[in-house]
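Below are two complexes that have subunit A in common, paired first with subunit B and then with subunit C.
Now for the complex of A and B:
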């Protein structure tokens, strides 16, 4: 994929290697280019600063820095970042808090490829 | 039908068109009627003033002619000429001034006050005015000598009389000349005056006819405006009716729809317009103006409320993608409890859905729809229960496949009898505490037997249910005051057991149909329900194996003479044997290690024998080669349980001590395993035997054996007694 003004850089944040690869392989949005994957919040913030990602998929339960803190930090660094929380829906209160901190949307694990791409399309459309 | 918002916009643009039309009509009226009308009216009034002026002036020409004629007359008669000459001068002066004024007449501006001569500036009139001025000017010159005359035209002498002097002769000549000129000039002047008058009249007439045209036009315009006004009014009425109709329809929708529908403003306050269903859904009338928080706070848990309020607030944030947060809506399916409703009412579930409403690009409201999801959730639960049920049926089925068919048939028959008995015991009237206790004990014995048999053939689903039934009965036994109401929960448990047994029976029926369909006709034997006594034998063997396995012991059963038992005793013997074998394995048989240490076969042996005794009926003996019974231990346990007092204990002989085994409540209650520790085993046996009119005895040798001997009477009476229990 070539660099262009319309291509958005995407960062994947999830502590599971399987999920990270799954998201990277399944996403088929032409405008998105995966520029990095992080296994925890600290790594995510570091990668986010370095790559200047526009779009982030975010797990909530992670070691080091959890998703809620990470969302807060990313939005602080760049208020127009697009964040899709991808997490198991164990506790709606936590999910709502992530949205309150600035995440744009939520996708429930487990998800199908179609659901993932649909959610990413919706995320970019709402921009 | 257009939406109210669209209708509103249409109405507003229509009002704008209305105003424009009215303004245009007014401008047209002013331009086409009012201004020309004013102008024409002015022309008319100018013409009238001018006509009046002109007609006033025309007398001067005649007066001048008369004055000249008068001068001639006086000269002829020698009269005084100065008077007519003065008159002539005044009239000529007046006519000169008049012609000057007429000649100087000019059109005036719109806002100037008209004069009498304004109309004479008109082109048609002007020509006649100019001609008049010229005629008069010419004629006037002929009159000049008359004007200039001064003095007396006569010789003033007696002799000459009144003869003209030279001045007089000149005057006379001038007068004659003037009169001659007048014959030509005066008609012309009169004609000019007439011309002026005619032109003015023509102008007036033209103005008048134009004015009438303008008036007609005005009438037309006015009529058009009235028509337009009526049309607009009608249009507006239709518009208003359409708006009213739309409102009525919206009201009908709000009144009829089953969902709750309302708008939340930025302060999360509920709007005045909401569907009538809100009242039923939230059981209150005052939702309009209420905050969303107040609506929910008494009916959902505090944690859900907090999350819900956060969720609704983030919907106002543009960052939040409305479509990507629907899955985390905490009120997507929420259980609600209304204060003042009893907890036993069916649980209620509401489903909230939120939509942003935009006005332009900004979010103006959140549209909330609420529906009652109770039925759907209940259905979901039922489905789950049905799934569980079918899972449990599969488990049961798999369990059944492992059970010997004959044993199963006999178990089903026996347990049905036992449960029928429980049912009839439950129905027996009872008043006193002791009667209630007796009922509990009787039921316990039946349920316990069912449980034991179920365990023996490996029907765990029945065993579990019977166990739970026993738990309830145990609780009743320990309860202080018993009343009829305490037995009500038992009916539910009994029903559960019946239902479950029925479902097993159905399964068995299906299986047997399958089997019959599959098996060759020749192999079809007697129906499974007519089980031979040997079923008891295999069941007891299985039971011993199972209980042994569960307790780390090994035991086998040998039986003899069971086939000699009449069918009517089968049940009783089985009940006794099940309890006895259970007790033998639990308490009699030692662990394999202990047995090896004692030089015995590691596998314990339980012998069951039935011997017909002729007229004395039957004797059943059940003997294990275990550790035997310790009378001291029995007495100690009985003391612990309060069955014997400390004073009584030492006086008990070995036989009496052994009989303590058969007393109710001998064994412990605290160990609630399914297989032992119930303390009913021996008591149950004793009761069954007693009810059958038989006797039971026990003998033991420490380290060698324990033997229970049951003597059962001959059949007829025994059967009756047993059935009566």
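Now for the complex of A and C:
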């Protein structure tokens, strides 16, 4: 995808390689360009600083630094970042906590391609 | 204390994972309690330690052939052993994480610990172990739930 004023840079954070690859392969939003992928929160913060990503998909259960902690850190660095949490943790309390920490949306695993793209569209519509 | 009726949570979770990831439904056999010996493993096992309001573990174990076809159904072209390990851990993580919809945030799950070619099996806690047989296409797998 060519860079342009409307293109948003996306970072994918998940400790599963196949999920990272699946999100990259399945996302069909023209305005999004994947600029990096991280396997834990520590890597994510480093990549976020380096790439200046506008949009982040964030797993929660990860080694090193978990997703909730990472959301907090990314929002501290850049308050207007858009974060879609994609997690298997399906309880309402976890979704509420993620939103309170600064995430903008929540998609529960397992997800279909349609659900992923719908959640990303909704995320961008709120920008 | 873990109740047998709560097995439904894990059965539903397993069926949802297969249906959503592959667009092909799986079926489950009758769950059974392991009373003698160990539940056993196939080629790969993704183990989730459970702490908080429940203690024990949940693991998903599957043979290489099933994981290869699962990856292909997910449009994944890399069917390496590394990705099979990744997948078996992700399935275990997803089923366990989804259980929090019913069991709540106090059902705390670890990141997956993956065993490959684990002939010695999984180290089991002092808890009753239920086996949920899973059939998908021509393949068989197991979800094992050992919770106090």
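The rule is simple: the second predicted complex is superposed on the first by the 125 of 127 C-alpha atoms of A that agree within 3 Å, B and C clash if a C-alpha of one lies under 4 Å from a C-alpha of the other, contacts with A are read in each partner's own complex, and residues count from 1 in each chain.
One rule holds for everything that comes next: a contact is a pair of C-beta atoms (placed from the backbone, for glycine too) under 8 Å apart; a residue touches a chain by one contact, two chains touch by 3 or more.
Just so we're clear, the structure is a prediction, and the values are computed from it rather than from any experiment.
A.B. asks: Based on the shared subunit A superposition, would you classify subunit B and subunit C as clashing or fitting together?
C.D. replies: Overlaying the two complexes on subunit A (C-alpha atoms) leaves subunit C and subunit B fitting together cleanly.
A.B. asks: On the A-aligned overlay, A:119 touches which partner chain: subunit B = first, subunit C = second, or both, or neither?
C.D. replies: In the superposition, A:119 touches subunit B alone.
A.B. asks: Looking at the overlay, what does A:88 touch: subunit B (first), subunit C (second), both, or neither?
C.D. replies: second
A.B. asks: In the overlay, answer first, second, both or neither for which of subunit B and subunit C A:22 touches.
C.D. replies: The answer is second: A:22 touches subunit C but not subunit B.
A.B. asks: Using C-alpha centres only, what angle sits at subunit A with arms pointing to subunit B and subunit C? Round to the nearest 10 degrees.
C.D. replies: Result: 80 degrees at the vertex subunit A.
A.B. asks: Touching A:108, do we find subunit B (first), subunit C (second), both, or neither?
C.D. replies: A:108: touches subunit B and subunit C.
A.B. asks: Please indicate which partner A:63 is in contact with in the superposed arrangement: first for subunit B, second for subunit C, both, or neither.
C.D. replies: After superposition on chain A, A:63 lies in contact with subunit C alone.
A.B. asks: With both complexes overlaid on chain A, does A:100 touch subunit B (first), subunit C (second), both or neither?
C.D. replies: first
A.B. asks: Minimum Cα separation, subunit B versus subunit C, post-superposition (Å)?
C.D. replies: 7
A.B. asks: Using the superposition on chain A as set up above, list the residues of subunit A that contact both subunit B and subunit C.
C.D. replies: On subunit A, the overlap between the subunit B and subunit C contacts is residues 89, 93, 108.
A.B. asks: Which residues of subunit A touch subunit C once you look at their complex with the stated criterion?
C.D. replies: Within the complex, subunit A contacts subunit C at residues 15-19, 21-22, 25, 61-63, 87-91, 93-94, 108-112.
A.B. asks: What residues on subunit B touch subunit A, complex-wise?
C.D. replies: For subunit B paired with subunit A, touching residues are 303, 306-307, 310-311, 313-314, 319-325, 327-330.
A.B. asks: Show which residues of subunit A lie in contact with subunit B when the two form their complex.
C.D. replies: By the definition above, subunit A touches subunit B via 84, 89, 92-93, 95-97, 99-100, 102, 104-108, 119, 122-123, 126.
A.B. asks: So in the complex, the part of subunit C that touches subunit A is made up of which residues?
C.D. replies: 16-17, 20-21, 71, 74-76, 78, 82-83, 86-87, 89-90, 93-101, 103-105, 107, 109-111
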